[in-house]
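These notes open a run of structures that come right after.
Note that chain A is present in both complexes that follow, paired respectively with chain B and with chain C.
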Partner chain A sequence: MVGAACALYAARAGLAVAVVDRGPVAGGTTGAGEGNLLVSDKEPGPELDLALLSGRLWADLAEERAEAIEYEAKGGVVVAPTPESLAALEAFAAGQRTAGVLTEPVATDQLHDLEPYLAPGLAGAVHYPQDTQVMPALAAAHLLRASGARLLTGRTVTEVLRARDGSVRGVRTDRGDLYAPAVVNAAGTWGAEVASLAGVTLPVLPRRGFVLVTEPLPRRVRHKVYAADYVADVASDSAALQTSPVVEGTAAGPILIGASRERVGFDRSFSLPVVRELAEGATRLFPFLSQVRALRTYLGFRPYLPDHLPAIGPDPRAPGLFHACGHEGAGIGLSTGTGQLIAQVLAGRTPDLDLAPFRPDRFSEEAA
Partner chain B sequence: MNPLDLVRAEPGPAFTVTLDGRDIEVLPGRTVAAALWAEGVTSWRTTRDAGRPRGVFCGIGVCFDCLVTVNDRPNQRACLVPLAPGDTIRTQEGTGHDD
Partner chain C sequence: MTDGRHHLAVIGAGPAGLAASLAAAARGIHVTLIDSAAAAGGQFYRRPASGLGARRPRALHHQWRTWERLERGLAEHLEAGTIRHLTDHHVWLVERTEPTIAGAGVGAGASADAGDGDGDGDGDGDGDGDGDGDGEEAEAEPGATRHGATRHGASATHTVPAVPVGDPGFTVHALLGPLQERSVAVRADAVLLATGGYEKVLPFPGWTLPGVVTAGGAQAMLKGGLVVPGRTAVVVGTGPLLLPVATGLAAAGVEVAALVESVDPRRLLRGAGTLAAQPGKVAEGARYAAQLLRHRVPFIHLHTVVEAHGEERLEAVTVAALDPDGRVRPGTERRIPCDTLAVGHGMIPHTDLAEALGCRIDGSKVDVDEEQRTDVPGVWAAGETTGIGGAALSLAEGHLAGWSIAARLSGAEPDARAATRAVKSRTRMRSFAAALDAVYAPPAHWSDQVTDDTVVCRCEEVTGGRIREAVADLGAGDVRTVKLLTRAGMGWCQGRICEPAVAGLVGCEQTPARRLLARPVPLGVLARAGTDDDRTPGAGLPPIPR
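Let's turn to the complex of A and B:
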């Protein structure tokens, strides 16, 4: 998704773009997520600024193709089970408000107007009207098509070509060389591998997540609904399993239930304990789900960087190499802003946001 | 040729279930899908958006195309659910849920 957005905005900036992917479009983490464009889970700071920028760009893109990419400005509802968690959530929301996030406190007696099927007895919630959803595989495909970029799928980058002076001059693939004065590493969870091909380190690690998919249902979950402890899980540095319920309907009818986080490498094996925790968490929020069939699960690997910020911008260690990866679980949402920023630096313009917090060389060698 | 003869099957006595209110006879061991096929019914659901006909596609529980309501429980995979005497099969529309 990030690569598709980079291609789109770079092409709009007048650059000739080729997209190389060893798999198909959306064959990696893009095809394994839920398509969340969230501001609600981000504290004030560079990631939230990027999310707000990205949200505006998504809205622009959706003007022409909302239906095609299943863009739905449904809003998010973060619920607090207890008075203590509600107080913490409201303090968090107050901080976000100063950073430009729209937040609306929801009292207990209004909660069921927003979400009629929520469990009784919740302390309260905060409504985030800016939270939005897209269908990520469709979005990636449509953005690539709109970019007009040359699309080379099923083609693996095996080497980043460097000139004698160290500058990047293209990539070698398993099916020939591509020469270019600039190479953008948008390999997501596999961004560390591509970086190492250029002789630089970028400590992207996989953070596994499962999604549980229900049978198609009438619209019973209207917003993206999650429990307040999700924010703490996202920000955690632990490698151990964490789950917090995240529940949302889709345009096609099934409800998607997340979210688990664990660092177990690229292990694709099914985990019943994880999926069971997801189901338990979701039925605590929406008791009706206990009577609904789960059709399947899928899993993916979020590209995790140790400080939870993506790497965006030029790599001073390899002139001509740019990074646009490491967005963890927010890559779909943050892709448009990332693509815009990358296009701006590629074209020699001043980027809309300060790229210093996203510097790809900000990690010490030990962290890598 | 009757497939039962091909394998020299000697099934037990048939029992009765209902399909959308009418009685049909089912040999023991058959799934909902097998019973419907034996009855000459090959399509019993329509897609939610375009209303296209659907019946058994994969036949092994993977594709979820053959969904049907059995004993008031919607979205059962006809290819997997074995029938018992007195079961009620209802073809379903849309998501199979009322709201």
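Let's turn to the complex of A and C:
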């Protein structure tokens, strides 16, 4: 997804672009996650700024192709089960408001007007109209097509070619070399490997997530609904399992329930305890889901960096190398802003946001 | 465990699962045989529901005797309590869990150690059925075994002792049919996956019309006593299963207007070496050929189906001749009126339970060693889940799995001498299956028949045109990407039906999707699975709002 967005905005900036992937389009984490574009889960700071920028860009892109990419500006509803969690949620929302996020408190008695099938007895909620969603694989494929970039799938990058002065001059792939004065590392969870091909370190690691998908239903869940403890999980450093149910309906009918967060390396085996917690959390929020069937479950590996911010921008250690990876659980949403920023620096313009917090060389060697 | 025995869960009560259960139980293992069907037998020995007034089994042919032997063996073990048979149990997940020590046992009351109920080696021939077909002639025997051990719920969760070989324990999660709203859990020291395969059907215009059924569907209609004599059927596709289906329909009084096979089965004769080693299979083939003649079923080879016609339901089918490249020869189309069209293009192994366990999959089948072990300790697989090869091969593999499991669970090497016959039989049947595989295949250009408005994924109603678009315009080059971009394969069947068709349209390998849930599971069940509340699922749930 991130590579597709970089290609689109770079092409729009007038650059000739080739996209290389060892797999097919959306074959990485993009094809294994969900497509929430959330502002609601982000505290004020660089990530929220990137999310707000990205949200505007998505809205622009959706003008011509909302249906093709299944863009839906449905809004998010964060519910608080208890008065304490409601107080914490409202304080959090107040901070977000000052950073430009639209938030609307929802009293208990209005909650069921917004979401009729929510469980009774919840303390309250906050409505975030700027939360939207796309279908990630469709979005990646359509952005790539719109970019007009040369698409080279089924090709693995095996080396980043450097000139004698250390500057990057292209990549070697298993099917030939490609020359270019600039190389963007948008390899997501495998961003560390690609960085190391250029001789630099970038400590991207996998964080596993499961998603549950139900049978198709008529629309009963109208927003993205999740419990307030989710906010705490996203910024968590704990390696232990944490799940919070984000429940949402999709245009196609099935309800998606996700997503768990665990650091277990690239372990692809099924974990009943994890999936059980997803189901448990979702049925707690929406009791009717107890009788709805899960048709499938899938898993993916989010690309995360130790401080939970992506790496975006030029790498001073390897002139000509740019990074656009490590977006963890928000790479779909943040892809447009990332692509725009990368295109701006590639074209030598001032980026819309200060890239300092996203500097790829901000980690010490031990972190890597 | 209170009785100090090892527990094996066998999933699938077809030829493989039955043979394994008997072999393991005869060697002192406690077996829980779990199957989604109402009775044992699997695809092959599926019998008409009793009470449908089915005819008596036909002449005492060898395969029927094999079945009777299996059935008798099962009855004895059920009686002795060494095998427990859970019918109508749809397994949705096999979970690796740490073994726990305490707890009540499976099949309480198991006392007699029916040490040699099933014979030890393979002298019982269950690894050797020489397949003379006609499984569909089987019928329910009055007074035949009725397993008394179908206890739902109460005995749901069992705990087992640590296994000497240090393997982890397993929990088998199954939904109770037919509603599949409640789930039970069965603990075991070892698991045998014997879930067989499912039918492959490739799409063509009109294939979604009522009246078009799979070959197995036609077979099931026969066995379920639902076939109405006086109908006209056409059987099309490829593979050895079309023969028993056509002869079965004809024998039941259906007029079979044609059996349309896309290859020339006489090519099999070129592999004469393999055939010579298969007197049973040759006889089986010859018998079907004779029956086709007797019922005057025209056998049309090197032809393929082009389109099924009809307004509300099937009225006719157009078939056409194939050229040597596997393309339809223009001008050879002929229209055959019919009201039933049975279609089959072979079988595909079920691999879902193995995938969730993390077993290695080799192409589209579960990978096993010479003892039928998967690469996950404690998990064996046998029968068509490890490769399609017919009932006799499944029997041999099942027998070997049971033999291996019994030894390995008690920490011993299995005794090779006791298995020579089953090993030989397996080798022979596998080479025969390979010979069949080399001959039977859908026409190379079958997908030419799929028009842009032919529905390919029935669950999500995705057409051939949309799949071609995803390939041409959006850069899809494999089944998974097509699925992500078109939703083909995301519906109820999770791509089991359309995966081979999508692969054909894309022109790529058919690598099966990872299906971690073998059955759709209510979230309420999932939310409690494997916990102490697991035994009272469904209680007090609110109704689904409409």
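Going forward, the second predicted complex is superposed on the first by the 368 of 368 C-alpha atoms of A that agree within 3 Å, B and C clash if a C-alpha of one lies under 4 Å from a C-alpha of the other, contacts with A are read in each partner's own complex, and residues count from 1 in each chain.
Going forward, a residue touches a chain if its C-beta (ideal position, glycine included) is under 8 Å from a C-beta of that chain, and two chains touch if they have at least 3 such contacts.
Keep in mind that what you see is a predicted model, and the values were worked out from it rather than measured.
Chemist: For the three-chain model obtained by superposing on chain A, do chain B and chain C clash or fit?
Modeler: Chain B/chain C on chain A - steric clash.
Chemist: Return first, second, both or neither, reflecting whether A:268 touches chain B, chain C, both chains, or no partner chain.
Modeler: second
Chemist: Touching A:45, do we find chain B (first), chain C (second), both, or neither?
Modeler: Neither partner.
Chemist: Determine, under the contact definition given at the top, whether A:290 touches first (chain B), second (chain C), both, or neither.
Modeler: Once the two structures are laid over each other on A, A:290 reaches chain C alone.
Chemist: Which partner, chain B or chain C, touches the larger number of chain A residues?
Modeler: The larger set of chain A residues in touch belongs to C.
Chemist: Contact-wise, after the overlay, does A:216 reach chain B, chain C, both or neither (first, second, both, neither)?
Modeler: So A:216 meets both chain B and chain C here.
Chemist: Would you check which partner chain A:83 touches, where first means chain B only, second means chain C only, and both and neither mean what they say?
Modeler: neither
Chemist: Which of the two partners, first being chain B and second being chain C, lies in contact with A:26: first, second, both, or neither?
Modeler: After superposing on A, A:26 lies in contact with chain C but is clear of chain B.
Chemist: For chain C, sort through 6-14, 42-50 or 114-122 and name the stretch that clashes with chain B after the overlay.
Modeler: 42-50
Chemist: From the superposed pair, tell me which chain A residues show up as contacts to chain B and also as contacts to chain C.
Modeler: In chain A, positions 215-216, 220, 293, 295 sit in both the chain B and chain C interfaces.
Chemist: Inside the complex, what are the residues of chain C that reach chain A?
Modeler: 93, 95, 181, 356-358, 460, 470, 473-478, 480-481, 484-485, 487, 490-492, 494, 514-517, 520-524, 526-531, 541-545
Chemist: What residues of chain B sit close enough to touch chain A in their complex?
Modeler: Going through chain B, the ones touching chain A are 48, 64, 67, 74-75, 94-97, 99.
Chemist: So in the complex, the part of chain A that touches chain B is made up of which residues?
Modeler: 215-218, 220, 253, 293, 295
Chemist: Going by the contact rule set out above, which residues of chain A touch chain C in the complex?
Modeler: For chain A paired with chain C, touching residues are 24-27, 31, 117, 137-138, 141-142, 144-145, 151, 153-154, 212-216, 220, 252, 254, 257, 268-270, 272-273, 275-276, 279-280, 282-283, 287-298.
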